[in-house]
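Think of it as A, B, C, D and E in the order they're written, each chain with its own count starting at 1.
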Amino acid sequence: GCGGGDKPIGDAASSNPSSSASSGGGGTGQYKKGGTVTIANVGGQTWPCQFNPFNPAVNQVALGFVYEPLTFVNVLKAGATTPMLATGFAWSPKKDSIVFTIRDGVKWSDGQPFSADDVVYTFTRMKEQPALDLYSLWTGAGLTSVTAAGNKVTLKFKAAAEPYFFNFANQVGIVPKHIWSTGEAASKPATWTNTKPIGTGPFTVESCTGNNISYVANGNYWQPGKPYVEKVQYPAYLDNNPANLDLASGKAQWGGQYIPNIDNFYKSKSPENNYWFPPTANVALVPNNDPSRPATSKLEVRQAIAYALDREQISKIGESGYQPAANQTGVVTPTFDKYFDKDALTAAGYDKPNLDKAKQLLQTAGYSESNPLKLNVITVTGYTDWDASLAVVKQQLAKVGIELTVQDLQQQSYNQKLYTGDYDLAYSSLSGGPTPYYELRQLLYSKNTAPIGKQANSNYSRYQNPEVDKLFDQYAAADPDTQVKLIKQISSYMIKDVPLIPTTESVDWYQYNTKDLEGWPTQDDPYAQPAPYNIPDVGQVLTNLYSKSAQK
Amino acid sequence: MTSTDVTEAGATESAAAPLLEARELTRHFRVGRGFGRQMLHAVDEVNFTIGKQEIVALAGESGSGKSTIARLLAGVYKPTSGEIFYQGRATSTYRSRKDQLAYRGDVPMVFQDPFSSLNPAFRVSHGVLRSLKLHRPELSRAERFEEAERVIEAVGLSPAGDIMNRYPYELSGGQRQRIGFAQALAHKPKLILADEPVSMLDVSIRIGLLNLMAELRETQGVSFLYITHDIASARYVADRLMIMYAGHVVETGPTESVLQNPKHPYTDLLLGAVPDPRAPLSTGIEGDTGEPPKVIDPTPGCRFRWRCPLAVDRCHSETPLLRVLGQNHQAACHVADPDTN
Amino acid sequence: MSAVVAGASAPVASATRRPRGGLFRAILRNRKAMVGAALLFLFILLALFPGLFVPGAHHDPQAIGDLPLQKPSGAHWLGTTGLGQDVYAQLIYSTRESLVIAVVAGLGATILSVIIGVSAAYLGGLADDGLSMLTDIFLVLPTFPLIIVLATYAGKGNLTVIIIVLILTGWSYGARQMRAQALSLRNRDFLESARVRGERRSYIIVVEVLPTMISLIVANFLGAALYSVLTAAGLQFLGLGDPSSLSWGTMLYWAQNQGALVNGLPAWALSPGLAVALLGVSFALLNYAFDEISNPALRPVRRRRARSAS
Amino acid sequence: MPDQLLEVRDLTVEYDTGDRPVVAVDHVDLDVHAGEFVGVVGESGCGKSTLLFAIAQLLSSPAAITGGSVRFQGQDLVTMSEKKLSALRWRDFSVVMQSAMNALNPVKSIGAQFRDTIMAHDEPVADERPAEVLRLVGIDPIHLNSYPHQLSGGMRQRAMIAMALLFTPDLIIMDEPTSALDVVAQRSLMVQIKELQKQLGFAVIFVTHDMSLVSHFSDKLVVMYAGQVVEFGDTRAVFDAPQHPYSAGLLDAFPSIRGPKVPLTGIPGTPPNLASPPPGCRFQPRCPKAFEDCPKIEPELYQVGAVQARCLLHVKEPVQERTS
Amino acid sequence: MRYLIRRLGFFVLTLWAAMTLNFFIPRMMPGSPEEALRQRLSKGGAVVTPEQLRTVLAEFGFDPGQNLMLQYVEYLRSMVTGHWGVSIGSSLGSPVTTLIGDALPWTLGLVGISTVLAFVLGTLIGTVAGWRRGGLIDGIVPPVFIVTSALPYFWVALLLISLFAIGSNPVLPNDFNYDQGLTPAFTGEFIWSVIKHGILPASTILVTAVGGWILTMRNNMVTTLAEDYVRMARAKGIPGRKIMFGYAGRNAFLPNLSGFAMSLGFVISGTILVEYVFNYPGLGYMFYNATVSTDYPLLQALFLLVTLAVLICVLLCDFAVFLLDPRARTKG
């Protein structure tokens, strides 16, 4: 979930999976070392000072900073890759096996050499300790073996596994065998607190208190001259307001914050205050397609809603324009323009609101003024922008005669209802991936759904269409061009069947201050997902930042 | 009327058929909680009768169990053992509400503490009116008010109409006491249990109430159990006097007889202590501190023995029973002499 | 919330002195009570007829406007929210829910206190031990955390749930007082007197006992209402209420979430709290005045040192 | 008289009730000589306690002295500063309050309360003094370590009296000190007080409504009615020939346990409301001897033989003017 | 002795009841740590099977599949033995004892001190106001503090923030316990920082809590002053100050003391809000966080702790009353 609401409930702001980066990022020149960057990103709690990369609650402060993946995948550049601990990789023709070439000369921050053994160790530990296998590589993705031969590491899968590349190459941080094979790290790797992490990443933890984590540049870092910035301060923020204030005042230079009225509150405070909100996924009204729901299982009803919505207005009022309007194809633009079929959208008439059509469809579905359609939509408390968006949606639907009741639920109750299909409409968002495939597959693939009452994995709308399933199945082994075509085909079903109704696009909240620091990812140079909560993208940004004052 | 002939009349009546009789009446209270449980013997095996048209005065030390007896008779407490017979029937056999209501109608009680015996939330007429409603259901509402006014006037509160409509806190202790008395009078009772009904009254008003008691006995045949510390007033109205000490009735007999010729050393002490402006100060009790005993888990023996100037060995081992020592005159003392005549 | 404690003094003494001519006149004569009653009356008016107090342009407090985060102006007296809603209109329309919570939860808690407190005192023995223990347990249980836990899980946002939770957690204080008073009444002779008179038990409890406790019951209601107002607002402020409902706590929640203070909109951030505070104050004033009315010893006095040697 | 100890003149005390003030003590004059035992009787609510408190300067709001003077050993207590009063209190005059039940601090031991009192004065006091005075009133000094609730009502009243004797004051003011006792105990306590008084020579002002008590113990008698002194004189004189109808009524109203048994009558009617007393003589509405002047003229205290009485029946002998 | 046993029985029973409630309420309600974790894991298109979730949680000591009664027994045992487990919420993996250990000093320091201060101050002011009844202080104090005692904690907090901590040049910090750049040490700078950060939250507690104590104390005082023994003390020539504190004050204080213990629950409620508004990383904030992130072990431990604190305070106050009031001593 994202929603960028205020008080992040429980979880720290979620980290979106990152993807492509073909070039090594923006800053290519050699810079002098120096300077500090302070990150303002609400964690909603004090730091527990744990740096176990397998612990989903704390891996945000470990991955990218201290631990690195084999390959970085840039979501904002259609999955372009940057070699990290692996200098390269090669898929087998059937894409059911991949060989990574492990980089030479990399040292752990304690001076020990890094080797292919560490990589194998990392993956095999995930098999031995299923709790470490956060992405279910061994159980879900079909990984069968990880072997090393010299500096080559081979991962073998049961079937074509390209869709999981993002997970195992980009999201798994490699840990040092010599540390993790002894003591508590070996006996209880999942719960080990790892207060002094040893990694290959650009930074090491200098000190950690509940209030602040202080990182210093890793002297042993393998990228020559990097990182340029010598220190990273990561204060714990319990609440948005102080974090926002620190960003506005320049006390913190890098933010991942939702700031209401940002132009006035943040941008206007200094010309060096900048923000950029790249979209990565959809926020959608998820109708319950299951036949047990008489209204929302009707195509006409879903279509009527889709026609009735003025997504621009939702974006403008509900999200203050920060989150752009989404479209009915489910492909996030402009991030994934390559996959976007604008003509199909226009042809179906979903490019702009059409109230008459909506009313007419409702009539066909059997609703009228005397028998108005009444719907409930569930949403999560604390996601205040969603509440705002829904307030707009409510007004818009009222115009075509749909009475919408917004039901604000605490996260747990919301999830329960969403997962088990106990709702009419849900306002929901899933994270994306390096291509629209990742998001659409979560939403529409029938294997990701479950009967009403059982927990569905991600296809909460209970949409099931064998044709669509077939398209997804073909994707894994297909070549890039075919993949684009497949996605356009899939999105045509979005238009035809309206299994869900995207409203806005969820974005990365990202603020940056250029007074002393340069090398930020920007719209022109989107070398990584820019918000500090993205792992391992945060490592990319940190190796590209440099201090202007240090250059003098 | 003169009080002398009243006495005689009452005495003969009571001898014939007692209105109420208490046999071996006993009431213990548990004091302390849990393990260290002890029994306080507030009233121990007391026997007495109250005749028709008789005023029996009950006097004795503070804490000797006078109020407890009244409460036992009124049914506020259940006896630990013993039995109360009213008009020949044991009150413990009353089962139906009708029986109980009838008994309660016949035997009302005037409570000792006028500050707690009126409900502060109601006008003072509440109790009187309720009594009338319960025990004289034949009266109409207006009649009840009239009747209430009459009894309130009767106890010397005037103007009754005004007093009736006040709240208890607007009355003095003495006024409240009289309201309590009026409540007991309201519905033609047969026996009024009056627990120190005049203690808070000024001498002047007190005498009025005592006169009222005598008059009621005379005209309506009401009997009284009149509990008091004021021996003089007991002498003034009562036919018979009972003296209690530490849960026991230690002496009982016709008022004059007891006063003139006390048999029990405690009675002696008590009478000696009563000041009388019309008589010279008597001496001889200076050494006594007058501390009332608490009767917790008593051992056999006379309860007065610690203070008794006449105590003998026997008093420490054997509890004295009431003995007839004169005409209708009994005392519970091992050493007391019977009347010679 | 310690104000709840404030209403607790001398409950027993209060029963003995009841002003003649009823409460009403007593309230009229007490300045604190008058202020409290006037405030409460105002809030009741606002709750019943919110429309009267809101200019036509902003009749719908939930209507989303185009001008978010406006500072107070002629058009928007207290500015606008992050959604461009009129803060003033929201403030006025929110009165109803807050008042309903106060009254219903206050009543509920009071009724529960009376039932449990009085039965504990009257049943005596084991029942008393059990009920007293229950009361004490609820009293020392950290209520607010308990409320948070309950409210979080028990289908949040639901007004009924909040009220039930408030009742469940708000009765214990009163029950203790009720028991104490009922116990002290139990030993008062006027109840014995009623029994000796021949009254039935039920009559005694309902007619003789309850009226004598009336001032305690009223004080208790006021205390419980105050507690409910504050606690409910706290809950909603934490985001544990229904964020789409119209109540002061919810307004505060939104204001806090959208950074009303840091955005320089103190009117939005503070006015709902002020409303809660004022409603609370009105209950507290009435409660306190009530203490004074029922316990004349507490009444303010003019201090005079008239020592004229003539 | 040479040994005049206390001289109260025109003392008036009002209770501020919001509406009309209650004049609880109305122009009262009172003289107490050293070693004298003065009894004060009167109906409940006639202002006895208020008078005592006013003498001791212990009134607290809403009561206030609105006129008159209280001269004690020649000094006016009414205008005296609190500080000087504190020094005088207990050392020179002490007070035994109406309800000993509540007059002892429930959370301090008897001994501690003695100590507090001693520490408040710079009067040298022997260490054994508390034990000594306790023994005087017949309490085992072991009770110095007891707390008030551990003593019976009678013992508490004795302890209070013991405390009043601590510094051997010249005057002890007692407000119904025996009201909580039963006759036997009351009697023995009174005898003790009288005995002590004989020994130590202090004067006593003693309030009670038990006529019989005063009859035996007091030298002088003050009869109060509705805030006023209605009769004042030697106890025996008043008892033998009461000059005020109210006093006479009082004496007529209680039965005796010895003498002959005669029917008695009380005084009809109720005491007046002190906020609006009846015009003229205050007793007039209840007075069996009232005549037409009574509601019109307010009587003064008139000397009638050995006593003074506030009754118009004695108007021919106006009380002589005082030099105060 | 019997008294002590009874109090102890009450203590144990209350604790047990609190613990039981605390165990069952969250578990009876929708939502579970499983779902909370799932929420966290469903990033990046990872298809997480329910088994995977259970595996991870089991690793952290939570087995949702276990029989509820067994869980309960296990829970009671671990609560009593102090094996409070590790957080399964937002601080997944941190030992609960560590988390609490980190937050406790802050709460004790801030809330403890300011609550006690409020009580002491309130009692003192109330004593003086009651003593000088009808005087200047008494004319002003009750009305003012009736108002403050009815103010919502969080509102006072917001007001203080908007007065002192917002604007171009804030006077005082309004969040956190000390400046983030500092490392805890016994340096002047650090201590000053802690104090600065504590001022606003402490004032909030003070302002709202003190009123109740003033009012009750004043009323107790007025009632006590009407007692005969106070007048008696005056009659004995005991100096005013001594009467005020030693006679009237002390006796009036006793009911207040019991009230203090009993109202500690309310105080704790307030502090949750205060810590929340001021982002003060104490137990109250942690409580809020643990609740919303379904962190059973942390929630349980905190609840236990808070109940214990209240109970211990009740016992202490009982004990104090026991010491101060001889009547209570014999009653037992």
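In the analysis below, a residue touches a chain if its C-beta (ideal position, glycine included) is under 8 Å from a C-beta of that chain, and two chains touch if they have at least 3 such contacts.
Chain-to-protein mapping (UniProt): B, D = ABC transporter ATP-binding protein; C, E = ABC transporter permease.
If you're wondering where the values come from, they're calculated on a predicted model, not measured in any experiment.
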{"item": "Any chain that touches chain D and chain C (ABC transporter permease)", "value": "B, E"}
{"item": "Graph distance between chain A and chain B, where chains that touch are linked", "value": "2"}
{"item": "Between D-E and B-D, the pair with more C-beta contacts", "value": "B-D"}
{"item": "Relative to chain D, chain with the most remote C-alpha centre", "value": "A"}
{"item": "Between chain E (ABC transporter permease) and chain A, distance of the C-alpha-averaged centres to the nearest whole Å", "value": "39"}
{"item": "Averaged-CA centre spacing for the pair chain C (ABC transporter permease) and chain A, given as whole angstrom", "value": "47"}
{"item": "Mean-CA-position distance for chain E (ABC transporter permease) and chain B (Å)", "value": "57"}
{"item": "Set of chain E (ABC transporter permease) residues in contact with two or more other chains", "value": "29-31, 133-134, 292"}
{"item": "In chain D, residues with contacts to at least two other chains", "value": "61"}
{"item": "Chain E (ABC transporter permease) - residues contacting chain D, complex", "value": "133-134, 225, 227-229, 231-240, 242, 246-247, 250-251, 254, 324-327, 330"}
{"item": "Interface residues, chain E (ABC transporter permease) side, partner chain A - complex", "value": "29-32, 35-52, 55-56, 58-60, 86-87, 89-94, 98-99, 102-103, 174-178, 180-181, 183-184, 279, 281, 285-286, 289, 292-294"}
{"item": "List of chain C (ABC transporter permease) residues in touch with chain E (ABC transporter permease) within their complex", "value": "1-6, 8-10, 13, 32, 133, 136-137, 139-150, 152-155, 173, 226, 230-231, 233-234, 237-238, 252, 256, 261-262, 264, 266, 269-270, 273-274, 276-277, 280-281, 283-285, 288, 291, 295, 297-298, 300-303"}
{"item": "Chain C (ABC transporter permease) residues touching chain A - in the complex, by the definition given at the top", "value": "62, 64, 66, 68-69, 82-84, 152-153, 155-157, 239-240, 242-244, 254, 256-259, 261-263"}
{"item": "Chain B residues within the chain C (ABC transporter permease) interface of the complex", "value": "71, 74-76, 100-101, 104-105, 108-109, 111-113, 116-122, 127, 130-131, 134-135, 166-167, 169-170, 180, 183"}
